[in-house]
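Two complexes are shown next, each including chain A; its partner changes from chain B in the first to chain C in the second.
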Partner chain A sequence: MASKPKPLQMALHKVIMVGSGGVGKSALTLQFMYDEFVEDYEPTKADSYRKKVVLDGEEVQIDILDTAGQEDYAAIRDNYFRSGEGFLCVFSITEQESFAATADFREQILRVKNDENIPFLLVGNKCDLFDKRQVTIETATAKAGEWNVPYVETSAKTRQNVDKVFFDLMCEIRDRKKEETAKPDGKKNKKTKKEGKRKKKCVIL
Partner chain B sequence: MTAIRHTLQKDVFLPNDERLLGVVHVSKAGKKKKASFLCAAATTEKPVQVSIVNVKKSDKGDTYKRRQTWQLRELKLVDGKDDTKLCQRYLIKKRPDFVNVNPQLLEEAVQVGELTRTMPQGAEDVVDEEYQVLTAQEESDLEKLISQCDFAVSNAEAFTEQLSKDLSMLDGANIHSIMASEEQVKTLMKLLEVSETEINRIEKRLERYEGLLEGVREQMEQMKGKDTLIQMQNTNYKKLLSTLDTLVGQLDLSPGHVKALHEGDLSNPSHILDCTSAAEALQQAMGVQLHPGLCKMQAVREQQKMFEKLRSSFARRLATHLNSVFVQQGHDMGETLSHHTLEPTLPKHYSAHRDLMPYADLMLWLKGADITSFHQLAQVYTSNLKRLYDREIKEFFEAAKSILGSKPSAVDSKKFGKLMGSTESLGKSSGSKLRSSSLLDIADHKGSNPDITDRAKFERVLNSIMSELEPVCMVEQDFIIKFFHLSTDSTATDLGSDEEDQPEEGVVDADGAMFSKGHTERQAEKQVSSEVRRMMSDLFGMLEPELHNFINHADKMDPYNSMYMLVKISAVVMGMEEKDAGSYLATTLATSVVIVKRNFDKLIQAKIQSIEDIKVPKNKRCGILPFVASFEEFAELAETVFKGSERRADLDKAYGRMVRTIFDNVERVGLEHQKTPQDVVLFENFHHLNAVFARLKITCLETEKKEARHKYKQHLNAYVINWLGHPMEKLNHFFEGIEARVAQGVKAEEVGYQLAFSKQELRKVIKEYPMKEVKKGLDSLYKKVEKHLCEEENLNQVVWRSMQEEFISQYKHFEDLIRRCYPESGITLEFTIDDILKFFSDIAQSH
Partner chain C sequence: MPKEPKVTGLSPNEGPPGTKVTIRGENLGTGATDLTGLTICGVNCLLTAEWVSPSKITCKTGLCKGKGEVIVTTRSGGLGTCTVTFRGYVMQTGPLEESAVWIDESTTTDKRGRSKSSSALFRKNEDPLGMSMEGKGKFPIDQLEEMFPEGSGDPSNDKFLSEWFLIENHHHTSFEDLKSGLSYLKRKSSQRSEGPLAFMKGNLTSIMDCQDALAAMHQDLLKDESTSEGGSITEKLESLLNKANDSANAMYQDVLGRKDKADATRNALNVLQRFRFLFSLPGSIERNIQNGDYDIVINDYAKAKSLFADTEVQVFKRVYLEVEKQIEAFRGQLTEKLMQLPSSLDEQSKLIRYLMDLGAPGDPAWDCLVNQQKWLLQLLLDCKEEHIKQAQSAPSVAGSEGDTPSHTPLKYRPSVGTPGSVFTPGRSSVKRMPSFGSTQSPDQAGWKFKTPQRVQFVDDLTDVLLENFPDLWKLWEGYSTGSLLNETAEKADVANQEKETQFKKMVEEVMAVYSKLLRAAFLPESLSSSPEERIKYGVWPEGKYDNMAHWLPQFVRTIRSCYGTLSGMNLPDETTHDVRDVAQDTRVHCVTTLLQQATEDVKALNDRETWTVERDDRGGITTLPLLFENIITELIQHLKEVVQSRAEESEIFRGADTRIKVSKLCEDMLSAFSVTMDQLAFRTDTEAETTCIASDSLLPTSQQPSSGHDELTSPSEHIPPLERRLVIVLSNCSHTREKVLPKLIDLLEKNGYPEVQKVQKGSQSCFSGLDEKLFDAYLEQKADPLVGALEPGVYAGYFMWNDCLPPRGVRNYVKEALMNLIAVHAEVFSISPLLVERVLSRLLQALAEEMLRLMECVTDWSRDGAIQARLELCALQDALALYKTPESSKSFHDALQIVPPVTSAADRKNLEELMNKFKSNMQLQLTCFRSDSLKRTLV
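And now, the complex of A and B:
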């Protein structure tokens, strides 16, 4: 069986989890990957996951790079930001600082990718802890609006919207790739097509 | 006088406990005035003592004195101046003489005395009371007497005379009457004599009567004897009549029945019914328990002979008819065999069974009437239907195999789509929809993967084989039990006893042995008798070899098929456990499970063998080892196949063995691989294994999952440390040397005074690594990492991040060592942390 040709043509979307330490990037990843929620906190350095999923009837692979929230030197992130095709920028709604930090991440990503329209989702995690909320939906939505990206609140614990954020992001990545292959000159249409984004809505299967 | 009496009572007698009875005024003849009283008194206490007391009244006053007292018994003479009733009453024996007393009084006293004497002697108290009671009566008597003789008181003599006159008159009358009674006695005597003679005469007559009666009794007894005889005869006649009646009734067979037995059309259902009832009637008539004596009757013997003839002729007719029916059926159904290509189907024998069922009662009759014909018929049925079943089963499995054999080509894909539609419903009916549909989902997405579609197809074919086999076998088994009236409740213990007239013991034994191998726990349960099993194994003789053949064929096509079969056939056997334990199909499938399990074990063994046999690729990057990928595929499939199966334990055992072998061989390949560093082989493969275990959530491999994760991290770190040494190799060595000195006890600030580690040496080494060199080193390291690692596992970023981190901390460590060992020397590395970070950013941008 092993000798059979691998399904090479399967699309591969590379997703990077970013955000401050302890906001639940790994928890979201593990919930999405294995349907499990790990209570104990163990800071991640970096880990890679791969999963086959069906996106709008098409089987694709998603690569998730779960990264460290705490890095001594931000430049270390340059390399893996560079490798990412889409970003889930996560903060905890119970922690104002983590929300503030998203701006730095966003800035670094845009700089490294040199692409204003890079697929990007602002994710407010831990929405099950609403009684400890520090970041209002309005604030976060306003920020997302400013960046022209979607804002989604999730709970890795209750699995609320977990699939949604990954699938939404993959849809954006896929659509971006289609746009690029449609342009034979291959030049990326940076910093221009803000209004062209997110016209297709995804269907989660 | 009363006053005196009262005074006397009170003053004289009461103090002495006496009662004054009477008082008489007496006086002496001479003297005048002196008053004396003679009193009669009785003691109040018992026994009563009566005394006569002379009481004198004293001269002065009214006091009385006792002068003299005489006891009544001392009285000798009573002068009859007054009545003497006293002594009459109280002195009966010793009566004083009475003078001057009225004789009537005396007589009455005598009467009273006699009266008193009749009282019990010595009971004087009673007497006393009698006296008290009688007083009133006596008084009245006396008064009467006195009133009769008024003169008595005045003239006692006249009265006496009168009395004696009366007496003599009475005497005379008495004598006269005595004289008269003699005559009467004489007449009485005469009468007595007469009656005596009369009595004698009557006695004689009675004797004669008795003699007469004696004779009558004898006659009566004779008559009684005769009567019983008559009655006996009567009942005997009645009994004989009823016996004959029942005999005739029992042995009579209605002409209709005889006709039916002779000419009933056995192919016409209503005639079959007639024949059945006729046969039953015949059976009943023949089965009647007759007295042995009755059997000697000519008529009975003839009738029985007739029955015998009738029975054998009908049995022959029936056997011939059914014989041809069986042959016909075997032939006809063979003709109409349908040739499906899409789904393997087994023709159902419902209609044949329906045609035969009307004969079931006749078969029961035949079993009783003619056991040899019955067995012959069963034999004919078996051999004819066996031929049919053989053919059907063979074609059934051929069809199944041909479906499996046809590889899905471009042309076939349309047909395949249609097939999947039908499988949906099939999956539903066999209760395994969940599994089959989940597989089909995958098949949908991976339409290009022939493995998956083949397996989905195999599962579908297997399901339909099982769902086809079950009804056919169970229906046939039910049919032969009902039709041939085989016992169903015999247990394993009487396996042998049933087999006297069954020549093929060997078959049954072999069958039973295999059966017990698979399912020993069934022994105690209700079992289908060996009789049924023998017949079924005759009929379906082809099933077992064909099934085994198919199992091995499927295994050869794709060893993974054995997993489906292990799960599916086990589930079918388990499912039948309750209702059809020990049915022929159950036992046959149970033996198949043994074979399938053996194939499954072979599959696992082959997998393990192939892991152990894997050759290390020479000139290629190692990446994920084929057996790791293959295990993932196997586990993924196995998890869906074994979901909820009772066979889970078998899979877990297989997992354990396989994973152990995989771990060992990952390490072996790591060591042997030429191109890829050992650590890379290890961390990539263990990372992959960890992900597989986590994704499939194989609970029995929890420890292995942790072990894989641990090994992944351990070897990742080892790789990073090991390969970071390369970009600034000399610098590295230099500082390692310093560290070694410090470790040996050299003071940090004195290391610089050693020749090998002087400031000049340090400067020389540092000079060798200007910014450009470092950047080049990092660039080539990055390329090395990219070359070592496979794209598939996507660990480049993880490794590179780790290397960046490690490189910075190394840089800091060097700076720290310079500061400590060469203080105030002002020596620094040729590049700063910012330079490093810029290199990193540049590397990031460069690809």
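And now, the complex of A and C:
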């Protein structure tokens, strides 16, 4: 009844989980969403989650798109990325390859979004398994510094830093949106461009 | 308050129909039963929903297309909401893609060749009149459908009706607006028709450029062609294209080959699926056979037969062959089972029906009949073997018992019930032999009360027959009437004639074997004497045969009940002839044997005479006649059942031979008693002595103290002197003749024994003969001394008739004779008063004759002598007047004639006085004769 108009007004932040297969994207998501840790591994195709959260006293909605890490789905990632407003790029600290792959994801996101400053967090998951660590904090931090993004280590199992990464990202998205509405340049221009494109009718030879 | 369900997460968020989706959220129900609804994109998926927890449900998507919400409804929270969306799409598996599922390609439409339906005048959601369609109330569709039943408001539809369209979309539009709309439409259509031209106009320069470029290209090409070596450029191009085609082919050959393979596999799968029934049939048949679901097997087989029996397809042929093989084995199994006996009729008919349903070759029912008959025969023979073996294993007992056959049988007849009643108190020789009893009685008792093997055999044999034969017959009835198998009803009719005679023969065989076995057991002499046959039907050890007699009635009963049952089954007459004959023969045999037995028993009665005379008003008899009567009555009672004919049987004494034989036996039996009595009466004393000694010697010394009483009752003590014996036997004899015999004859007649008259005559004559003999013997015993004493008595003291003293009274010899007569009288009277007159009158006769002879011898009479003689004769005559007979009277008369008459009155007076004196003196003695007469008058 009264709740219907509310979501319309409520801010919606679209977060996309990226990263290689098996690094714990879904685990992070489910831990964040439902406070549960899923032990059994089932490769994700594309999962959607959305819920209300309170961000700095403000009620907002977070929309999480949990994507497939497997290379099989690489081709359809473009579509997903396009709708994303912020990205959690996850790797497993116990797996060097997954860390290496973050570069590719970063590259792809930048290509699709065409925006260097897109909200982006580098997340080193499975930090509870420190005895199996392959990626040092230094390496990861260095990489994050290179990209000018924050680096956070998490554990979906212990829920360490789980809320932090999502809320940090949401803050960034929110700040970013405020920025955009404040000075209508750059991004806004892009938007108008897009709109213009849409209006122009296709001409078929 | 429970909150409404809310879906906040989907994994995955898109997929083709059938995708398994994990739905996460809040308040998704308190349990599986709380979940009442689940829709994905509006498609109900409740059926596949699986409730995991209040925050998790899994389900499979239905046939949904496009984006849509996932709505969960619970009983506790009602209709829910959703924050995420699911996108359904239909995935088309192309020919080059791998697929885990079978794809029906027949419905796949190749869209490549089809032109897009883009020729539609207007895009959807765009009003052809150039006006916004949003924001205005639409006209309800159902009303429109009523108005224009066959129309449509869709401009792209063939049945498009402008009225519909206008009412639907523009019933609020003003006329002015419609007018401008019309002009917009006109403009549009004119634009469209002159479109290409306008385009040409608008791009004239570009088009010219293109044309120029094309011309230049053409020239270049021509130049190339003319300048290049090795043929025209098109040739090169062609070869290049061919090469490209080849390589493309090579590239795709693999793929195409795989597709072909895949197609073939799919085809095979399809065939397997469609004809799964056939392919899985061997397995299912085996399984069902194991489970005993024969009906299913039969159905399956019938189905397979109708579907695939004439198939040309190799694969089917092979599988069908396998099925056939299995069914063949199954048939074999069933047949084996059918041949396995014993089994119930139901079971058999079920099996037969199965076999018929399975199309078994031949005639299983008939085979079953033949088999069962053979089995039954074997069973009968086996029964015989077993019993013979058992009988032979205990021959010693039979032998020892066989040594003393004569008196046991009737006592132990099971049907008599109270064998003690047959015993007489005095006849206790067996009882008085403890040593004999203690050593042998257990065995004997064991044997006595144990049914003899032969009787058991007959019972068992009959049981076997009656248990199994009805099944056989019922099976035949079912077979012949076709009720066994509905579908063979007509067939049975054809087979009937031939089979019926065959079956009749079979039944006859069974009956013949049965009856021959019975004959072998009880009537071995009635079998043919060929040794093989004797052996076939069993040779019974002979020892016990004599003791069989009292079992015979039971045997007869068994056989007759068997015959009754058999004839109750409506068997054809000729088949049961054998059994009937056996029944008949056994009855006759039974009767004759028992009659013989009774004769033996009667003959054995002489051992049981106690000589204790029991008197009644008619005369004294011993228990012997009673025993005799008992034996006969009991026998007749016993045979009553045997003799009586049942409805289905013929009269037992029908045959002339039988009649003669039986009547002879009856006569013998009755006459045997006379022989017995004869023996009793004339047994010499020495004989009695030896018997006594024999029995005494058997007494153990330990028994001496208590034997004092025994000695008193011992037979030797009891055997009275000859005269007494004679009288007793005579009394018994007459009693038997007058009382017992008519009773027995009557009984015989009532029970339908043949030629009773003859029997009566024979036995009567026998008894009267004995009576005569006894009587004569007795008279001889008595009359000789009496008569012999007369002559010395008359002439005692040198008495002379012509020279004697005047008579002073009756002389002593008369008194002596009278005293003797009184002694005889007493003796006879003590035993049988009825005999007194007969005896005394005969004695009187003898006396009178002797007196006459004496008188005739006298030549010279004195007066006194004449008086004396007359006195004595009169005294005698007077005293014994009661016993006078015509003969004695005549003798006395003649004697008195010889004696000179007494003429003088004084003499006459003297005579009278002397007579009175005699009477008064002898009154006491004479009363004895009188009292007899008094008694007789009283009687």
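Here is the rule we go by: the second predicted complex is superposed on the first by the 174 of 205 C-alpha atoms of A that agree within 3 Å, B and C clash if a C-alpha of one lies under 4 Å from a C-alpha of the other, contacts with A are read in each partner's own complex, and residues count from 1 in each chain.
Just so we're on the same page, a residue touches a chain if its C-beta (ideal position, glycine included) is under 8 Å from a C-beta of that chain, and two chains touch if they have at least 3 such contacts.
Not measured: the values here are computed from a predicted model.
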For this session: Check the residue A:Trp147 against both partner chains and state whether it touches chain B (first), chain C (second), both, or neither.
Result: neither
Exercise. In the superposed arrangement, does A:Val112 touch chain B (first), chain C (second), both or neither?
Worked result: first
Exercise. Looking at the overlay, does A:Val54 come into contact with chain B only (first), chain C only (second), both, or neither?
Worked result: first
For this session: May I ask you to name which of chain B and chain C touches more residues of chain A?
Result: B
Exercise. So, does A:Lys45 touch the first partner chain B, the second partner chain C, both, or neither?
Worked result: both
Exercise. Who does A:Phe37 touch here: chain B (first), chain C (second), both, or neither?
Worked result: neither
For this session: Figure out whether A:Asp78 sits in contact with chain B (first) or chain C (second), or with both, or with neither.
Result: first
Exercise. Common interface residues of chain A with chain B and chain C?
Worked result: 7, 33-34, 45-51, 63, 65
Exercise. For chain A, which residues count as touching chain B in their complex?
Worked result: 1-2, 4, 7, 33-34, 45-51, 54, 59, 63, 65, 67-68, 71-73, 75-76, 78-83, 112
For this session: Within their complex, state which residues of chain B touch chain A.
Result: 445-446, 448-451, 560, 626-627, 629-630, 633, 687, 691, 694-695, 697, 793-798, 800-802, 804-805, 808, 833, 837-838, 840-841, 843-845, 847
Problem set entry | Footprint of chain C on chain A - complex, ascending | 7, 26, 30, 33-34, 36, 44-51, 61, 63, 65-66
Problem set entry | Complex contacts: residues of chain C adjacent to chain A | 8-15, 24, 55, 83-86
